[in-house]
Structures are given as structure tokens and as C-alpha cells.
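Just so it is clear, A, B, C, D and E label the chains in written order, and each chain counts residues from 1 on its own.
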Amino acid sequence: MGKSAKQKGLGNKEAYQRINYLYQAAHLCLQQSPSNPEMCRFYINTMRSVAEKHVIRMHPEIKRSICKKCCMLLLPGITSISRNKKKGERYTVVSCLECGSVKRFPWGKNYQLWVEKPAAWQPS
Amino acid sequence: MTGDSEKHSYLRQVDKSPAPYFYIKTSLEYEGRGLETDSLQLKHVIMQSMTEVFGQVGASDTVDVLKLSASGEALLRVPSRSFVKLWGALTLFGKYNGLPCVFRVQQVSSSLMSLSCNSRTWDIPAMS
Amino acid sequence: MADDKSCTEETLYSGLSPSIVSHGSKLGLQARSMRQTDVVKSYLKRHLPANRLMANEDNISRRQVHLSRTVKKKKFDLTSQKKKKLTNRERKGMKVFKIPKENQSYSQQLPLHQAWKQYMEEVIPSSSVSSPGAVQAACQKVVKAELQGGMLTVQRSKCPSYVGVCGIVMQETRHTFTFITSSDKVKCVPKENSIFALELHGHIFTIHGSHFKVKAGERSSKKFKSKPTTDL
Amino acid sequence: MAAPFANGAPNSKLVFEKSSFDDPKSSHERVLNTKYFTHNASIILPYSSSAAQLQFEISEIQDQQVTYLIRDVPVHQLVDKEFIEAFVKKGQLYILSQRRHIDTHNCAAVFPTGHLLLHITKDTYEQLGLEGKPSVFSSLKPTKYVVDIDLKPDSFTPGRKGYDRVLWCLKDRLGLTFDLLISWNPHDEKICASSVSKFFKSKGLVVSPVPWCVQTQWQNKVRTPVLDSTVVTATEDACGRAEAWEWLGAMACGIDLSESCADNYISTLSCPTPSGSCPRCCVLSVSGFFTPVTTKWLLEKVRNEVESKQEKNKVPWGSVTFHGFQDSPVSVGSREHGFFQEGDNLHSFLTFCNKDYWLYSAYGHHDLCQ
Amino acid sequence: MVRLKHRYFLAEIIFPDGRRLQRNIKSNDVYFSVREALHAAYGDYGIGVLKSSLMVKYLNKDTHMVIVRAKRDFYRLAQAALTFVKKIGEHDAFLNTLHIGGTIRACQKFLIRHHRQHLPLLYQECDTQEERDNVQLMLLSSCVDMETFSKKTEEKERSLSEIAGESLT
């Protein structure tokens, strides 16, 4: 789940469990009552503050599914729109429908996420 | 009897200032066998304790032993000015001619009438 | 903007062979269509301009086209994107985290509570709570664990009308717990001067609110000093 | 003298009222009606000869006014709908918790006005969940709370929010149990007063009737102060009210005031100056759980005793004192009462033969009375 | 912290058999006699209350002046105790409190005025000239002694020189 290369194993296990639970809870409550996104936002906000306090870096997948501005879950089609654009070089734009904030991901050919690099997983 | 002339003269007085005298119902208990004390001895014990704790000037107030019942219960009367001193002296008293003893204060009141019965120690006798 | 009427489950998967459809639930073919329109409707309700939303009109598909007025295309202005963070003042303005009091339902929160139970099972396995020593360790874990979604009751409180409030914790802020009680009422109980009880694996953990006044997020990393008196 | 001791003594109140029985505004009726719980009545009749007959009458009336002591009654029984219908609304119900100290323990009381009053400590109050006010005598950080539940209004029925909350708090939340002293006199005569005990017996509780214990003392050759109903402050020919009050207390406590033991060393208390000698003085004390009905009857008795014998063996005056419970949550009416060093709330009537009376009411340190 | 407040009793030791007998009185004699009197009059309570602050601050053997300190809250007890003193050391004497001051300096001011008034009286008493001289010396030393004891200020010199001038005339 999280990047665990440098820490000495899963030091703060509860924190991970908590983040995991909160993420799922956010999804669940958005499904249950789409009419009030506030609860989902609050869970994501708590999740982010737990991660901050324990200095845990979330996996890019999770990080990218959260709107930075309003802590909303970015579910494509429901709460966010993702379009592919080209200006100079191509990139995809994910824009959150709640607060209108935008995330841009350029299509770098040989761009490798830090997580995908082997170096990330060898204990330094 | 006079008093027929002025019809119903209604009069009401409330005295909030502390009553002139204060009354204490206490008993002197000895460790082990109860030594019989008469009221003279009791008065002597009280005065001795007062002088020991508060000195001659402190003990100058008159403490009256109104009654000493058979069961060892004594009624004391003291001017309200030195009521707290008497209670203090009673509690600090520990030994009388070699025998450890203690004053147990059951009831305290500013009117003698209310000492005549104590609803706290009323144990209900079974129906005869 | 609204496409044709919702496609029901039969029409969508009619092409598949009956055997697949029969045990569809195992393969995860839920009847998504119901929730689909629900989401769309709630989204439209929040975003359509007021004049479009007639009073309690549920059929939002009616669309008016104003030939005379050209619809201004919303231009992405780059400047607004520069500001990444929402300041607290804005957050309060946009009521980002304010849970509305009305039309909440307890049944909606039940699955959340089930998920919470599984989470707690993970954190404090019921087997580990047998010996008293382990219970002590469990207490430490409860302090650091997440309470949102859990079932709490107010055991004691300085203001007696809070006593007996029991429900699923919807939101935990620095000073309050927001419950939704089984009678679909949202109750916001201050942590100060009240003691909460959490029932877990047959043990009741009492939480003293006045020692717990920490934001939900920060509670897991904060070291708790023992307070001299537990008096309210 | 040592200055710090000046404010040591607790200030208690003594209210003195002089008026007469046939005065329309006389307050003796009101006082007795609102003094719900009386523990002991002590009757002092100097010069009287027919005290024995009085004693007989008292034992006579004992059977009509039966009071019961019920052990470990859970409080929600008192809030039971059928209990309210059958007893609270059908008559005057007097209930007081027994052997509970008002300053440290929880106490309960029910008044004929249909109010259930719970005088509970801070911890129980926080757990109980019923709204209440902090008691008047507790300082900034209150230690005692008073919860007042009105049983009589018909909105207090099962199914209503208020009632369910009260029942839930008293039953599931915190099972408060008390030993209760109960006395009930129904409105109409047909229902007999002991149906209260049958009700509780049916609930499987230990019910035992509370007998009155009567003690009489005779003092021979006693010096009694000469009193005149119009003279309040002491003059040469009559004693004032303060001396009379102290003398009454001395007689009630059975202090031997005869001349022999008046030497000044042990006790300087003696009979106030203008005093006449009286061959026999009867001090009769009845203790039990009395309701206003009994206290009014006792007052009537003493008045007849004093006013009837005008000429022959003249009984100039007689007194009856009603001692309230030290641990009762209220003293008079719904006025809160607490215990601080002493918790007396007593009323003493000094009746004269010309229908005048002196009313002393002594209140303790913690009492809301005027 | 609020300053601990005291009361200072300026008292004169008077011996029943005349003034001029030279006696060596030590300050603990005075202290113990005062404490004894306090214990007799007010028992354990009095001792308990005053013991911590009861102190003999100044004793002058020649002019038989003594300053006793007591806590302000209970100075009345100490004042009463001073009157019950009967013996100091082995001489029987009694204390005549002249002045109760809030500070030592106040007592000292009073002492100076007191000496000035009583100087003529002293003269009548002593008939020979040399007695008159040692009375002057004694007063001079007592005032000087007083200043060094309590930090002296300028105006006191003036008063000192006045006395010196006056006693010489």
C-alpha cells in the first residue's frame, strides 16, 4: 500500500490500518448517500492528516484519486472529469467537479514513477 | 389575664444573629471498660482540656454541664462566642488519668429543644 | 445533457448468456442503474441554477434552449488554479465539511458501521482481549484508533440531557462528536464534561471526553499524559 | 479575645410569632399544613393532671394513622403509572427516604402536591440523566442536585416523551433504591389507608408498619416561669420569650431544674426569675412518622387541655413541639433544607388559656426559610 | 508575594525596686518569659499561632527598652501576653508597652521623642554630676545604637545632634 522502502518495516501499523479504513469508508459513504459529500470529504481530510502526522507517503494511486483542494474523492464520471488534451505535448486533465481544481498528468514516454523504480524497494 | 383589650396583636420577630447559647450533646467514651464519670469529673475534664489547648484566657468562658444521663450522654451549654473553641478542645482531648478516651459529639444545636430528639439515630422498633 | 432514460439491468446485460446473468451478483454485476440515476440527480440538484430547479420537480430532464442567448463556455482560467490550498475561511464559506442536519438516515450509516467493526477487528483482534494485560494494551490501541463510524454511547455528562445518547459517530472534531441516533436524528455532543462508552468484544471502554479533545487525525500521534482527576 | 473565632458559630434562625387561634390571619393552620414530615411531637403540660387520659387517646388514634416502612424500594415503582393513578391522584401521599443523610447520600421524598423530589449527589446526577437544579447550599462546585418530577399532570403518561425518559432513567440507567416511609390518607373514606402496603406487598417488597413510641416523664415540684401572652420581653412580673424557649428545651430534654442542683460550678442554668412552683409537670414525647393530619389533631388536644380547665386546676399554658426530620429534603412547603452541623426544622406552639399562642420555629444553618 | 506584616511592641522593662540597679538581662530571657506568659494565657493555640513570628528584636540593657515582634493577625494575643510577664531571667519585672508600631523605624522615632520628653525627669533623679553624665552617655549610646541597628537616614543625624546639643546646655 504505502511506500515502505526506507522505514524499518511497518513501524506504525495502526496508522496504515486507519488510512486503509478511512479510504474505504469514504468510498462507502459516497456510495451510500451521494447527496451529502461532506462526510466523504471529512474522512479523506482525516486520512490526509493521519498520513501527515505519521509521515506516510500514500501510494500515487490513492494520492491521485483525491482532490487536493476540497479533499473530495475523484471518481471519474461521478465527481471528476478526465479529458486528454494537447498543447505542445499531450497530457490528461482530471478536474474535480466540486471545486473545479485541476490535476494535469503529462504523457512522458519513459517517465517512471518513483514507486515503479526498483531503487524504491531496496532498503538503502 | 390582661390582653383582651387589644384584639389579635400579631407580632413577629426573627433573630438572625447567633443565639446567645449553644448546646452540644456528647458522650465521653473510654477504651475498653467504660469508667463511670459524674458531672463534676466531666466538668473538670472539659476545663482541663480547654486550658491545655486555649490557655487560661481561652478557658475563661463558662461551660455548663446541663445534664449527665445514665448512658453517659452529656448536654453542654456554652456561649455561642466560644462554641467553636469548646468543640475544638473536645476533639483534641485524648487521655484522662492514664486512660485513653474520646468525646463523641452526637448533636449540636442553637436551641435546647432540638436536642431532645435525634431523627438520625431513630431505629424503628418492630411492631410490638 | 441528460441522455435517454436509464437503461435497466435487463436491457444492459440482455446480450449475455443466461447462466452468467443468473449468478451475476458473484461476478459483481450489481444493478448499477439504480444508483446511476441517483448520483446524477443529486449532482444536478447541486449544480443546476436555481431557476431550472422547479419546486420539488423531480423530472429534471426538461431542457430549455435559449436561442437568443449564447451559452458562455466556462473558460478554465489558469489563475484560479494557481491557488492550490483552500484557506480555512473559504472552507467554512463553502461548508466543505459541514454535515447537514436534515434528511440523514441511520440505515445509510449501517454499512459504514459494519466496515468499522471489521477495521476494529483488525486493530484489536478479539482473541487478544482475553488477559487483563492485553486489555490494557487494547486501551492504548483504542485511543489511537479511528472512532468515526463506531457506536458510542454517552455514559455520564455534566449536562444530563446528553446522557443515554447512543449512535454511530459520523464526524469527530476537536471538541465534539456528531452522532446519528437510531431514530435518524443527528446529535452533536461536546466532548468536554462527558464520558463515552465504546463496546468492543464484550469489553466496555470508557472514553473521558475532556482528555480526548484532540483532532481526529492528530489523536493517533499524540502522546496522552495521565490526568490526575477523572472528575467532570 | 482571640479574634479569628468570632464568626465560627453557625448562624441558625429562630422565628418567633405571637398571635391568637381565632385570628383569621393566624398562620398556625398554614404552618402545620405545609410541614409534611414530622418525626417527634413533645408535649409539655405543667399543672396538668389528665395527661394519662391524653396518652390513652394518642394510643387510640395510632391505629387510624398507620405508616409503613418499605425496604429497598426501587424508585421507578413510584413513577409507575398504576401507582400514580391509584395513590398519588386519589389521596395525600407522604413518602420520605429513611436512614439516608441529606448531606452525603441520595434522598427521595413525595409530597401531597404530587411532586417526586430526588436530592442526589453529583455523581448520581451525572449518570441519571434527568434535568435538575444544583442545591442552593452547595457552593460554586455543587455537590448535591435536586431533581423535581411532577407526577400529577396527565401529560405524564406512558408513550409520552417525558414519561419514557423518566422511566428509562430511573429503571435502566441507574437503579436507585431507598427504604421508604410511606403514609397515605385517601380522599374518600371508603378506601382504607393500608391499601398502600398491599400494593407494595404485591410487588414483593418487605413492608413493616411503623409504630409510634410514646414516652411520658413526670417531674415533681418543678419551678415554672410565669408567662403572660402579651408580655414578650422579660419584665418583673412575667418572663420573656427567650427564657421561656430555653426553659421549654430544658424540660423537653429532661434536665433537672430543681433548686438542689443549681450550684453555680456545674451548671448555671436555672428556672427564669419570676417563677411559680408547680406540683407535677408532664412531659410527653411521641416519635414516629407523622403527617399534618396527626399534628393538627395533637395541637387540638393540647388546646383543649389548656383552654378547658379555666378555674379548677388552672393550667395557664401548655406547649407542643413538632420536630421535623433532620434529613428531609424540605423543611416547610417546598423550601429546601440541608444539614450543616445541625439540621433542625422544628415548630413549637406555646398555647395560652385565652386562645393566644406563641409560635417558635427554629431552622438550621442550611435552610431556605425566612 | 505580599510582605509578611508584623507589629512591633516597644516596651520598657520596669523593676519594682528602682531603676538604677545594673542588671544583665539577655534577650532570650525576655523571649522565654514572654513565650511562657503566652503559653499560660493562650495555651497551645496561642503558641501555635505566634511562635513562628515571636522575636525580641532589640534590647538595650541601660535604658531597659525592648522591641518584641509579633504577627499582625494575632498581635492582640501577644499584647495581652506581654502584660502577664512577671519574671525576666531571675529578676521579677514587668513590661510596660509604650508603643505598637508597624515597623522598627516607627518604634525608633517614638523612642527618640520619648527620650526627649523623659530627659528632664532623669535629671531630677540623679543628684550628682557624674550620674548626670553617664545618663547622657547612656541616652546618646542608645540613640546611636538604634541607628546602626536600623539603617539610619540623614534626618536622624539632625535629630541626634539636636539631642546632643540640648543635653550639653
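The rule we apply is simple: a residue touches a chain if its C-beta (ideal position, glycine included) is under 8 Å from a C-beta of that chain, and two chains touch if they have at least 3 such contacts.
All figures in this text were calculated on a predicted structure; none of them were measured in a lab.
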Tell me which chains count as touching both chain A and chain B. none
So the chain most remote from chain D by C-alpha centre is A
Highest contact count belongs to the pair B-D
Closest chain to the protein CA centroid? D
Using C-alpha centroids, which chain lies at the maximum separation from chain E? A
Using mean C-alpha positions as chain centres, tell me how far chain A is from chain E in Å, no decimals. 89
Report, in whole Å, the distance between the mean C-alpha point of chain B and the mean C-alpha point of chain C. 69
In whole angstrom, the CA-centroid distance of chain C from chain E equals 84
Chain-centre distance (mean CA atoms) for chain A and chain C, in whole Å, is 18
Please output the residue numbers of chain B that touch at least 2 other chains, ranges allowed. 54, 57-58
Which parts of chain D, given as residue numbers and ranges, touch two or more other chains? 2
Could you list the positions in chain C whose residues touch two or more of the other chains? none
Which of the residues in chain A come into contact with chain C in the complex? 12, 14-15, 17-18, 20-22, 24-25, 28-29, 31-36, 38-39, 41-43, 45-50, 52-54, 68-71, 78, 95, 97, 99-102
Partner chain B, residues of chain E touching it in the complex: 38-46, 80
Per the touch rule above, chain B residues touching chain D in the complex are 1-4, 6-23, 39-40, 43, 54, 57-58, 62, 64-67, 75, 77, 80-85, 107-120, 122, 124-128
Please name which positions on chain D make contact with chain B in the complex. 1-2, 5-6, 8-20, 22-23, 25-26, 39-40, 42, 69, 98, 101, 208-211, 213, 228-230, 232, 241-242, 245-246, 248-250, 252-256, 265-269, 285, 287, 321, 323-327, 341-342, 344, 346, 348, 352-354, 356, 360, 362, 364, 370
Report the residues of chain D in contact with chain C in the complex, numbered from low to high. 125-132, 168-169, 173
